[in-house]
């Protein structure tokens, strides 16, 4: 088994979503803390694609941002290739390893500075990270990167608005690749794209992964996309990972009731007429999460213990599941 | 070069400009005003500050078309025999200069404050914006009077003339920065959360570089609109202060000073001394305002 | 097939701009029978939403219907204006938009919004209207409707809000509901609930539904027939099973192939998805002949110059020279 490139241990992140101080005092409101991510542990192995799936508000994008350093974790530790990123004493070292991870964003219309030419967009990491010395070197590298993502070197002189959504996403990928990273965090990279374009981008990402030996953390709400691209999948619900398994296993034998519910909810394109259990309820308010297992109000297998005690992510056969019912062998 | 011009001509902004006759007219008038003001030393028939060329015999001449007027002084002369047309041109130069400088000062101050407040957020933001709130509760003129008063006390009498214009620019500028700061802060809050800024952060760019290279160019649109309209407001404020006598000294009169000086003669029949500078002021301000309105509409995608 | 409830023939929507007239919907014809769910599917910019807006007369100026006609139960409605149009909208055609938040007025309780709509269109008393509203809320699956009716939109979650919007669209018992991306803003688990709800309501009430979406999965779950749009034109229309399992038009085939599918077990990873090269043309640059020709793997010479006319191919109707 390949070694872990990235490891998260009990990582948590809180957001202070309180009203402004003056309002709080005048209206007598308490501080409000949103636990966006809580006790998340997983590792990403070299060369694999780990996907995090979940519905909006489950904290998957926050995990992505914690890893690339856009947010500081409130708790826990993140380790990349043996270097603890959360260690303030090893600043220089952290800076060095951070260069090896880049991010691809969701919205191709917001992820490129509208006033910059494509050349400048892609050259920015080259300049900042000092990866190319001369102007001609930068130019050559930009052309190479554009070709790599299926665009023409002449496109370098254009502005982002001259491109379609799919082409912009290619530019985003070229920028992410400019620093020669070995780890890419992809936050819903295709969910703003049309399906035919999504297919182009997914194919491109798979090709690049093979060619450049990249490791991906792939964030998505779309199970079909995830089943296509991921080696392993973590299912998140209200800031926690409820199930973590190999992609094949997760889809053939989902263990956690939430995973089952998600799979059941995916529209059936094959029109096989398979019977579907109607999905019950909605994601609760993350500011007031249910006690015990956060999924218990919607869970058909909920028992007294589920209301009381929070289940931990435990090995269950060849998967890891956070569910009392699975642990007790009830399902 | 030719291609660039063609591109400019074809630009949406240029197109919306061509389609609005009022805007074209306003731009033409504003251009004439600015050209007249900037080129005053070459265009004006006389140099009104050249004491040697003044003679009191020529005082109180009416405009050329009125009885007793002379073609040599088309808009007549004032109490000291200065040519009114020339004083207007020179006055507009001072008014415009003060206005532009004040706007530039306010813009730099406001944009910087707004950018920092919006990008850094937290306590810095809270402090800067509270200062802005306090500032807003004073009318511009009061602030100008205050600064002027302090400057007068702090400096010896004989230097008042020298510092009058810088003080004016400072006071009008300070009273105007809040608007820029608030607008820029708002846009910065939006831009800061856009993914291109996050991408730059992931690359590891310094916050200052992100603010300057990424955020700033994308928040400048509304600032240009405010600045254009602010130029008109600044000219009016300058005129008001000069009219009240705390602005530009009569030795170097701006349009406001001219109106005030002329005002003394309004009821003795020499109306032209005050009316023509007044008309010039209104024309200048109105044309700049119309340009600003057009720019606001043209840059606002919702109104298109 | 019974007489169509809605019939659209040769619909053309244009946007005059400074750089010439853009044709956003071009020669679109279809019909919906009572109780039928017609899915209209296409990628962004295909003109599917504009088709819906044109039918209900909600095109934003300068957009306008330049040709064609729209008939509701045999009566032309595309030339109606003002009051007559408003009476059709709401009374005979209900509308559901993508974003439930903007479809509801945040200042009024949902009960007030429902009863007002009912009172505008139906001859009932205020108390009857309220009864009806409660019944509708129960129908769309809102728990404790007697209490919830007096709540404001912000007190509902996203999924519940979309249910309220559906109730609002149904409250005057329209014969046709136009649903524009009704599930796009929702999470998968909620999306499934809303799809089931729409399907059930259409069946129970005999309401025809025009379901506009970019999501083939939603269409597969809900629609009886499906129209596939590309660059403002319908390229293929037919029974949903036929279109999904045996697509005729190269664009439909490509679209179906490009959708990643979940297959339990097995190593389907790394399997390349079918991809259609390029992107849909911008409205300013729709190629002559067949609009799909630059991206089409089966292009004929004819496709470059001559626009294909729809022909029958099995149960489907296809606008492609490969079939005619």
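The first chain written gets the first letter, and so on, giving A, B and C; residue counts start at 1 in each chain.
Note that contacts are C-beta pairs under 8 Å (C-beta built on N, C-alpha and C of every residue); 3 or more make two chains touch, one makes a residue touch a chain.
If you're wondering where the values come from, they're calculated on a predicted model, not measured in any experiment.
Chain-to-chain contact here is organised linearly: an open path runs through the chains from one end to the other.
Among the inter-chain contacts, the highest number of C-beta pairs connects A-C.
If you average the CA atoms of chain A and of chain C, the two centres end up 32 Å from each other. In terms of their C-alpha centroids, the spacing between chain B and chain C amounts to 54 Å. For chain B in complex with chain A, the residues that touch the partner chain are 194-196, 198-205, 214, 217-218. For chain C in complex with chain A, the residues that touch the partner chain are 43-44, 157-160, 187-193, 195-196, 214-218, 220-221, 240-241, 244-245, 254-255, 257-277, 279-280. Of all residues in chain A, those touching chain C in their complex are 55-56, 164-167, 194-200, 202-203, 206, 210, 221-225, 227-231, 247-249, 251-252, 261-271, 276, 278-279, 282-283.
Against chain B, the residues of chain A that register as touching in their complex are 65, 68-70, 95, 98-99, 101-103, 105-107, 110-115, 124-125, 128-129, 172, 175-176, 179.
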